[in-house]
Amino acid sequence: MGSSREEARGTAAPSGLVSVVRLPHCWFILCTSSELGRKPLARMLQGVPLVLFRAADGKPGALADRCPHRNVPLSLGRVVGGQLQCGYHGWRFDTAGQCRAVPGFTGEPEAKSRCAVWYATREQEGFVWVYSTPGVEPTHEPYRFPLLNAPGYSTVRRVLRAKGSLHALLENTLDVPHTSFLHGGLFRTEKKRGEIDVVVRRGADRVEAEYIGEPRPEGLVGRLLAPGGGVLRHFDRFLMPSIAQVEYQLGADSHMMVTSAMTPVEDWDTLVYAVVTFRLPLPHWLIKPFITPVALHIFQQDARILERQTETIRRFGSESFASTEVDVLGPSILRLMRQAERDKTSAAPAEVHETRLKMQV
Amino acid sequence: MGSSREEARGTAAPSGLVSVVRLPHCWFILCTSSELGRKPLARMLQGVPLVLFRAADGKPGALADRCPHRNVPLSLGRVVGGQLQCGYHGWRFDTAGQCRAVPGFTGEPEAKSRCAVWYATREQEGFVWVYSTPGVEPTHEPYRFPLLNAPGYSTVRRVLRAKGSLHALLENTLDVPHTSFLHGGLFRTEKKRGEIDVVVRRGADRVEAEYIGEPRPEGLVGRLLAPGGGVLRHFDRFLMPSIAQVEYQLGADSHMMVTSAMTPVEDWDTLVYAVVTFRLPLPHWLIKPFITPVALHIFQQDARILERQTETIRRFGSESFASTEVDVLGPSILRLMRQAERDKTSAAPAEVHETRLKMQV
Amino acid sequence: MGSSREEARGTAAPSGLVSVVRLPHCWFILCTSSELGRKPLARMLQGVPLVLFRAADGKPGALADRCPHRNVPLSLGRVVGGQLQCGYHGWRFDTAGQCRAVPGFTGEPEAKSRCAVWYATREQEGFVWVYSTPGVEPTHEPYRFPLLNAPGYSTVRRVLRAKGSLHALLENTLDVPHTSFLHGGLFRTEKKRGEIDVVVRRGADRVEAEYIGEPRPEGLVGRLLAPGGGVLRHFDRFLMPSIAQVEYQLGADSHMMVTSAMTPVEDWDTLVYAVVTFRLPLPHWLIKPFITPVALHIFQQDARILERQTETIRRFGSESFASTEVDVLGPSILRLMRQAERDKTSAAPAEVHETRLKMQV
C-alpha cells in the first residue's frame, strides 16, 4: 500500500532547483558494519526514512521506517529472532518486508497488503549498502574501494557530514580552484601561479580530470615523498552515482587515493564515507596520525561554505550557476546525475571523450 | 467579513491524508468551567484560534480570536461589563459577536462588517462546550456523561493531551490488541492467550464492540472486585463525533465507565477530557488514589507512540493503513467521521448491524 | 542569470493577503553610514538578501547576497581594493555587479553571465539608501529629512524594529484612536472626551490628516511648551513609499517633527529609521534625555501588539480589516501602496482632495 508512494518520493526532483537530484536504482552506503548491531537503526536516504536490522543469519535488511499497520516507526521496536517487531501492536516483519506475526489475529499474518516496503542491501568491505529503489532486486553490485588490501598500502576511514546537496559536495571534493583560495596556504597558495594543462575524460558513468605539469612539493617534503624523484600525477574522478576520488602519484614511491562514497540523506544533507588508501616512503605509523586532523580541518572549511550555499539557495528560493572552464567537473557531474534521474538506469558504456584546457594554479 | 474563511478552515480536509478529518456542526469541550474566569481564555479548535469569555450573566461566549478591525487577538484584551474589549483600539464585542463600542468614532458601533465571528456555547456538568460551525444556532445539544450523579458511583476527572490526530486517539483508546503488547504486563500479557468472541454493533452515529468470554482477574483481585462471582462484561464504544467509552462490568458489584470526550485542537493535537465513573465493592477512597497514576502511566505510553506516529506521517507526507479484523473499531470510526465531514450533519438514526469475530487475548 | 528571479521576488505580492505589498522602484534605508565600514554588510530588503560594501572611493554598493558562481553569500567574503571577493573561489565584483576576477581562469573575467545582481545606492544625511528594483538607475532621488540643519532645531535619531508589515507599522505610527487606549495615560486618556475636527488631504503620493481643536497640554506643561500661548496644530502624514511623519506645533515656540523612514525587511519585519527634529522653549539638553525612553516605551507597546497582529494573520492564514472613519489614514495608505505595486512607478502629481470628519479624543 505504501510502496508506490515511497518510490515516488525517492525519484521525484524537487521543484525548480537545478542541482537537486533524486537517484533511483543506485547503491548508497547507509552505515558501517559495526554501527548495525542487535538494535534496529534508523537512517534516511534521499529523504525517505529507513530502518536497518540484521536477520537471524546476520544479513542486513532495510525497510521503510514505518509500520504498514499504523504508521509507527519500526525503528521504535526491536529485533526478535531476526524479525523486526513494531513497538505498537507487535506486528513482525522479515528482511523481505513480509509480515510474519499479527498478535491477536487468528488468521494468517502473511498478506500482500500487510507487507512493509523493503530495499535490497549488501554488506561488503565494512559497509552496509542499500539500493535506492524499493522492492526490486538490483542487476548490478555496489562499488568496491580500490587498493583496500593491496600490499604495502594503509587505509584510514572516516565518516563526515555536511549540510549541502550531493552535487555540491561532489563538485567541492573534486574542485581545484577553490583549494588555493578557501584552503589558502594549506596545499596551494594564491601567489606564484603557473599555468598547467588539464585533460578531461568523459565516459558514460564517469568523468575524470588529469592535471599535468602541477608543481611537486618543494624542498624537504618533496624529497621525503619522492626520494627517487619523478613527476607528480594528479587525477580527480567522479564515478556514478556518488563517488568522488582524488588520486596523487609522486614518482614511484608515493601513491594516495582518497575515495569518498557519498550518501544523499536529504536534499541538503549529505554523508561522506571517506576511505584513504596510501603507500608512502615514510613510515605509515608516522603519517596516519596526521591524515585525520588535516583532512578534518579542510573538510570543516568546506562544510561551512556548503552550509551557507544551501542556506542562500533556500533564502532565494532559486539557484544561480555561472561557470567557467576551470569549473572542470561540476557541470559534467550534474549532467550525468540528471541523466540517471531521468533514465532510471545507467546507459551502456560508451566511448570516452577527451578534451583539454589550461588552468592557473 | 472573516466568517466565511473561518468556516472554510473548520471544514476543509487537509490534502491527501486519509485520517485527518475536520468536523462541522459538532460540539467539543473547550475548557472546564473553572478554567473560564474573569479573563478571556485563548483556545484552539480544529486549527481555528478561539477566545472564550463570560457575559455579564456568567454565560460563556466564544469568538474567533481576532478583532475584525485589525487582526489583533481578542484574548489579548480584557472583559469589561461582560463584553470583550480588544487591547489595541478598545473595540468591544458581546457574546453574539456584535460590536458594541468603537472608541473615538462618533457613529453607531453596531454594523454587520464590524461583527466578530461567534460560536454557540453550552456549559454543563462542569465543562464548556463550543459548536464547531460558527454563526449558527445548533439543533442538537452536547453529550451528557453517564452515571455522573448515579447513587453509589464515584467520579474522577482528568484532562490529557497527545500529539496525535483525533482519529488516532479514538482508535487507540478503544483498541484491545495493543494493550497486551504496548502496556504488556499491566492488564493483559502476551503469554497465555485464549480465544474470545467479539460482537460488533454498528449504528448511524456509533459503533460498539462487546468482548465475550474475556477471563476475569485472577485470585484475590477477582474476589475483591466480584465477591458474589459472575462474568466479566467489557464494551468499547465510539459515539459521534469524539467520545470513546470503555465499560467494564464484573458480576453485580463492580462497574466502571471511562468516558473520554476528545477535542481536536489541531490536526495532530488532541485534548482528552476523561471522566471515570465507577461503583466497586471496595471503599472508593481506597480506589481513587490509584486511578490517576495508573491511567496516566498507560496514557503516557500511548501518547509517546501517537506522537511518533504523527511524526512519521509528516516525514513521509502520507499515511499507510493496513488492518486486520482485530482492528475492530478503528476503520468504522473513520468511516463515521468522514461521512460526518461530507454530510455536515449526522444522518437519521438507522438500524444497528451486528457482526462477530474471534480474537486472541 | 539570477537577476530576473530577484526582481520577481521583489515585486510579487504574497498570496491572498491584502496588506502585504512589495514595492518596486522605491528607495529604502538599508543602514546608517557608520554601520557600513570595511567589511561587507548583509541586509535584507523585501525578502531579498543584499550585501552592502564600499568601493575604493568610499561610495556604497549593493548586490544580491549570493555569488552568481555557486550561490555562496558574498557577505561571507571580504572587500579587496573596493571589490567584493567571494569567500569560496575568490571571484570579485565591483559595485556595478561586474565580475572582475576569476582565480585560476585564463580567460577574461568580465562576462554578462558572471555578473552579480546590483542595486542603485545613495548615501545622504548619514543613511545609505538602496533602490528596490535591481539593475536600473533610478529617475528620482531618496527622501530628505526636514529641518535637519534648521537653526534652533535639535535632532535625535533612533533605529527601531518590529515584527509587523510595513503597512501595519505605517498605520500604527499615524493612528490617533489607539493612543488613548493602548498608551492610555501617557498622552491621551479615555476619559474626558471631546469632539474635534479632522481634515484629510489626499494627494498622488501622500495623505495627510490635520487635527483641529485638539486640547493643549494642561497646567505647567502647556505653559512651559508655549509660554506665549497659542493653539495646538497636529499633522499626521504619510509620504510614499514608507515615510510616516507626525508634526506638532504649539504656539510660536514649540515645534516637533517625528519622521519615520521605514524599511520592509521581510513581509512581517520592518525597520524604522526615526528622526526627531524639534525646537522647544526649554533647554534641549534637558529635553533630549527624555525623548528616547518615552519614545521607546511607546514603541515597545506598539511593537508587542504588531507582533501579535502578525501572528494572528499567520495563524488564520488570512486578514480581516473592518474600518470606521476614525481609521483616518490606514486605508488611504494601503491604496497608495497597492497602486504603486501595480504601476511600478508613482503617478504624476495630481490635485489634492480634502475631506472632513469628526473624532472624539
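Every chain is named by a letter (A, B and C) in the order it is written, and numbering of its residues begins at 1.
Keep in mind that, in the parts below, a residue touches a chain if its C-beta (ideal position, glycine included) is under 8 Å from a C-beta of that chain, and two chains touch if they have at least 3 such contacts.
Small disclaimer: the values here were computed from a predicted structure and weren't measured.
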{"item": "Shared interface partners, meaning chains that touch chain A and chain B", "value": "C"}
{"item": "Interface sides of chain B and chain C: same vs different residues, half threshold", "value": "different"}
{"item": "Cα superposition of chain A on its sequence copy chain C - rotation in ° rounded to nearest 5", "value": "120"}
{"item": "Inter-centroid spacing, chain C versus chain B (mean Cα positions, whole Å)", "value": "48"}
{"item": "Chain B, residues touching no fewer than two other chains", "value": "none"}
{"item": "Residues of chain B defined as touching chain C within the complex", "value": "1-2, 5-6, 9, 48-49, 64-73, 76, 87-90, 102-107, 111, 113-114"}
{"item": "Of all residues in chain C, those that touch chain B in their complex", "value": "168, 176-178, 180-182, 190, 195, 305, 308-309, 311-313, 315-327, 358-361"}
